[in-house]
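Here subunit A shows up in two complexes: once beside subunit B, once beside subunit C.
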Partner chain A sequence: MKHLVYLICGIVVTVIFFILSCTDGFNIYEMMFFNQGYNDKMYSLDMYPVIAAITIAVAWGGAAIYYYAINSVKFDRWYHWLAVMGAVAVLAPVICYIYNDTVFASNGLMYVGESIKFEMQTVLFAALLYIVASFSMRWWSSNCRHTPLPQ
Partner chain B sequence: MRLFLFAIGGTGSRVLKSLLMLSAAGVRPLDENGKPVKDLEIVPVIIDPHKANEDLKRTEALLNDYRDIRRKLYGNEPNAEGFFANRIVTLREIMSNTSVTLSDSFIFNLGAVENAKFREFIGFDTMNEANQALTSLLFANYQLENKMNIGFVGSPNIGSVALNEIKDSNEFKAFSNIFRQGDRIFFISSIFGGTGAAGFPIMVKNIRQAANLEGIENRDALSRAPIGGLTVLPYFTLEGNKQDQRIATSDFIVKTQSALYYYKNTLTGANDSNVNSIYYLGDQVRSKPYLYDPGEHGQRNNAHLIELIGALAPIDFAGVPDSKLTDPDGYPLPTTAYEYALAKDDLSLNFLSLGHHTRRLIYEPMSKFHLLFLFLTTGFKNMIGQGFTEDAPKIKSDFLTSQFYRTLVDHFLLGYAQWLTEMNDNMRSVALFKPGEIDMAHAIEGVGVRKRLLGHFKVDNDVFKAEMNKLSKNNPAYSDRTVEFKLMDLFNKAAHNIFMERYENIN
Partner chain C sequence: MKNMRRLPVWILCCVMLAGLAACGGHGKLDKAVRSALVSGDTTRAAYDSLCSIVTQDPGNYSDLLTPEGKVDHKKMAQFIEDIASHLRPPMHWNTRPYGGVDDLSLTIYFERSGSMVPYDQRGGGGQLKKAVNDLINHFPAGSKVDINIVNDGIYPYQHTVDEFLQDRDIYQSTAGIGDASYTDFQLIFNKILEAQRPGNVSVLVSDLIYSPKDTHGVSLDKIFNEENSLATRAFARYKGKSVVVQQFMGDYSGKYYPYNGEPFNYSGKRPFYLVIIADSDVMDQLAQDKRYSGVLDADAARNSYRFNQGTSEVQCRVLPEWKDNAGRFRVKHGEGIVLAKCQGDRETGKLCFSMAANLGGLTMDDALLTNAANYQVQSIDGYTLAVQPIDPSMVTANNKDYLEGMTHILTLTGDLKSPRDEIHISLRNELPGWVHQSSSDNDTSTGGSFATTTLGLEQLLGGMFDAMKGGSSYFDVTIELQR
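Right after this comes the complex of A and B.
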């Protein structure tokens, strides 16, 4: 029961993140990095929901792979978990950058410097979402349920 | 049911050690339906005046370790499954009558015997001339001068006199007070030495004639008690000693022959019901020669196949149904004699050399115990802090310094490894497991792991850890148990699953 509560909380936090990354008034992405022209284009091209979805998918996907696909006694130490977090924190911004670049290019725009700075946020959000996902789903893993911290 | 197990002499101690190893592995007596005998308590009593005997000391230490380990695992619960399943207790532990003073030991106190020379014990110097002359005819001079704290030096004629004291001892009184109808008695002794060859018939005589003894309770139950015995025939040789001929290998057969005639006339004859079941065991292939030592240097003989097979005798006896031991009125039935044969007459034995019945009884438990030995000595330490160790109750790093863990790993499993090595080095060589092999997949001699689509199944510490993780996950069975129980029970169950799935089936 307790574990189910953790899962629900994780889903709620993730949904809130998604909502806050799509809204106009308070946008979580614009809290940490704001460039009038760049952010306006991001918003007008509907890129925020996709960026958020990619970040969520990579973070939750990374956690799912660690806990249920890898799920090995050889990789049950905290540093194995941390390594997957590192991979998530690299992979998510790279995918987001490629997506950004593709969309901007198709609209005849180029924001290399701004995009790189923007994706620094994705590193952070991906890592945070990976932690949230880990604590939501790890309980049912047979070999890694006590990673990174014991239950 | 209680099984009072009298282990007499050096062979008694060594067979008892093998029984301990089998019990630690989880080998249990089975009834006629193949189910473990319920409510069994084994009460070993070692009878040996030679207290400095190394074999006795090693067995006693292992008995104490076994008792401590089992108590920590199951408390006083007689019915347990898995490792250390058989409950083993001292007489002191189960006696309720406190009028008898008894130490909490597995060793029969033979104080009156072991502190005297034989001539002093029989009062040789106070005899008249005629009796002295007769005594001198019956006993050689070295026998009269024998200080009995080194045993009876292969002389059953000394033992038969000295051990008659047993019936007056506190231990015998305590035993008779405890003994109840339904309990059984089993003797382990050799027939070619001094202590065992003499002690077995004397003890049987005293029990069967309990009605004539003073200060003994439960006389009726005792005189009707189901009695079994393992009589070990010659199986080892001694290095020759030209200066000292008190014990000679060449005498073993003659002594055996004489004793067998005596047993036939008094204990195990066709219509005799003094001993209900007698298990004869010996081997014409003799052991590697043991160091000649009548007793002065501690007498330490290597473990041997015969002792391992011998340990199966009390296990078999405990499972024999009452109807085969006593008649409908509760009186003991005449003797049934048992022998044992190997399936293959190999000089180096593995599980495949043993008959089907033995294999079914010991193969899986012993293999699982060996895997436990490998697991605890090679992999377990590094697992603390992950997986099953973090499930409640948590196994923390201080577990490694606990009394239980130290006793199990540093004492009992060390004794187990020595026992295996000694049996392996002996003749016949018992090579159930490959000595020094830490690869679990190849540790069982003659038994490999199964094939799968690509190559063979893997068996290593990680496989065990993964299986234990799986079994431990959300398992409420351990929430109110000790960490010791959790570890051993989890391993036992994991080992069973892995054994069934991954190892070749030879049963």
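Right after this comes the complex of A and C.
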């Protein structure tokens, strides 16, 4: 039951993150990096929800792969888990940047410098969501449920 | 236990399905509308492509279709407006011209008084006829066009529009119509206003010289007062009208009839006018609908002025990136223009920001709009205003959605001292300077400014101004500044 509470809390935190990434008044992405022109375009082109969805998918997907696909005693040490987190923290911003760049290019916009700065946030959010996802789903892994911290 | 293991997978699947459901609906159309607005592609072709998205998927977009399966342009406009108004900055796309709106009709009232005949001599430049021909041609093909000859009354032109366009000597072909010795403006304005139907644009082509019957021995002041009163009376009776007066210069060669009745020959330039009269919403359509471009912004017009009733709504967008910007600020989105987290420039302490504004709907000439002295700016910290027209070279990929549909840049500069400030900008509702400069009270000789002035113009237009003045300003904008 305790593990299920962890899972539900993880989903709630993720949903809150998603909602806060879509709102106009208080936007989690605009708290840490703000460039009026760039952020206005991100909002107008409805890109925040997609960026947030990519980050969530990569973070939860990375955790799922680690706990249920890799799921091996050979890879149950904390640094294996950390390596996957590193991969998530690199992969998520790269995909988001490609998406960002594609949408901007199709609308004739140029925001290379701003996009790179913006994706630094995605590194942080992807890592945090990976931790959230890990503590939500690790409990049902047969070989890695003690990673990164023993139960 | 096995079921327990599958539980997180089920919960995750449910969350993902909910997410997918939220992305459904009018997603494709929504995305296309956003893209068109942000990239500044608010053209007819872009609108047609949106309509094709709707018609290709009638099941998904049934709420945007008529029972006959055609695009409901009113609902489509509402759909676009809902998205546009929630963008940053909020935008507006006038799709009305694409939605099968009826063409406007044009009625021309061509003055045929003695002093108008020399404007269209065979040896002259033909500017008067060209201005009228251009006006007719700027209406879409197929628009209903009527032509009337006016002097002591209003008489229908007996030939076709094509014959009018090809006529090299319009005054010769209309000789004998009415009494050309005087022009009864009271009757003409009353008849025009009375006869005007919805969707009609009436244009009086005239030298705007008030020449009533039997002025022998009447003082000029009395004539001017009479002229002023009749203009006020005529227009005050018809509410909701809008008038644009355009001034042109034309070659004049022939007899001129001054107010004291001693005609003399004159060859040279003389001003003439197109007085465009329509309902306010029709005038707005003329100003905004690209099908009618060239009507209110005629290239040959030397000066123009729109008489209106009431204060207009002017669309403004704060430009986040602009060469003149100094200091920092963040535009708050929602009601009104609010700049939050304002910080002065590190070196000078000044805050400078620019806004793109659409002043095209006011139909004022650029000299009036770009002269900061015509504006009233009120604020605690004493902000100053500079106005410049938008030049195509200013438009970049990143700012085109801010500049799309806008005509001028308003730049405000001030010392950021107060924790909160409110800047009120208004364009004063006054007759423009060119009216006074183009008006004379003596036309008995060709000396001085005879070539560029019209007898009693200020009194006539002043009378119209008094009748149509709706408020003390043409538009008001308030910007709230927060530290």
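Criterion: the second predicted complex is superposed on the first by the 151 of 151 C-alpha atoms of A that agree within 3 Å, B and C clash if a C-alpha of one lies under 4 Å from a C-alpha of the other, contacts with A are read in each partner's own complex, and residues count from 1 in each chain.
As a working rule, contacts are C-beta pairs under 8 Å (C-beta built on N, C-alpha and C of every residue); 3 or more make two chains touch, one makes a residue touch a chain.
Just so it is clear, the structure is predicted and the values come from calculations on it, not from any experiment.
Kindly say whether there is room for both subunit B and subunit C on subunit A in the superposition, answering fit or clash.
fit
Can A:73 be said to touch subunit B (first), subunit C (second), both, or neither?
Once the two structures are laid over each other on A, A:73 reaches subunit B alone.
Does subunit A have more residues touched by subunit B or by subunit C?
C
For the overlay on chain A, what angle lies at subunit A between subunit B and subunit C, C-alpha centres, nearest 10°?
Once the two structures are overlaid, it is 170 degrees.
If you stack the two complexes on chain A, which partner ends up touching A:111: first (subunit B), second (subunit C), both, or neither?
Touch status of A:111: second partner only.
With the two complexes superposed on chain A, say which partner A:36 touches: subunit B (first), subunit C (second), both, or neither.
The answer is second: A:36 touches subunit C but not subunit B.
Regarding the shared-chain residue A:143, is it in contact with subunit B (first), subunit C (second), both, or neither?
After superposition on chain A, A:143 lies in contact with subunit B alone.
Using only C-alpha atoms, work out how near subunit B sits to subunit C after the chain A superposition, in angstrom.
Closest C-alpha pair between subunit B and subunit C: 9 Å.
Please output the residues of subunit B touching subunit A within their complex, sorted ascending.
Contacts found on subunit B: 385-387, 390-391, 394, 462, 465-466, 469-470, 473.
Quick check on the complex: what are the subunit A residues that touch subunit C?
Residues 4, 7-8, 11, 14-15, 18, 24-25, 34-37, 39-41, 43-46, 49, 53, 60, 106-111, 136-137, 140 of subunit A touch subunit C in their complex.
Contact residues on subunit A for subunit B in the complex?
That would be residues 72-74, 76-77, 142-143, 145-147, 150-151 of subunit A.
What residues of subunit C sit close enough to touch subunit A in their complex?
Contacts found on subunit C: 4-5, 7-8, 11-12, 15, 19, 23, 30-31, 34-35, 37-39, 86-89, 320-321, 330-331, 333-334, 397-401.
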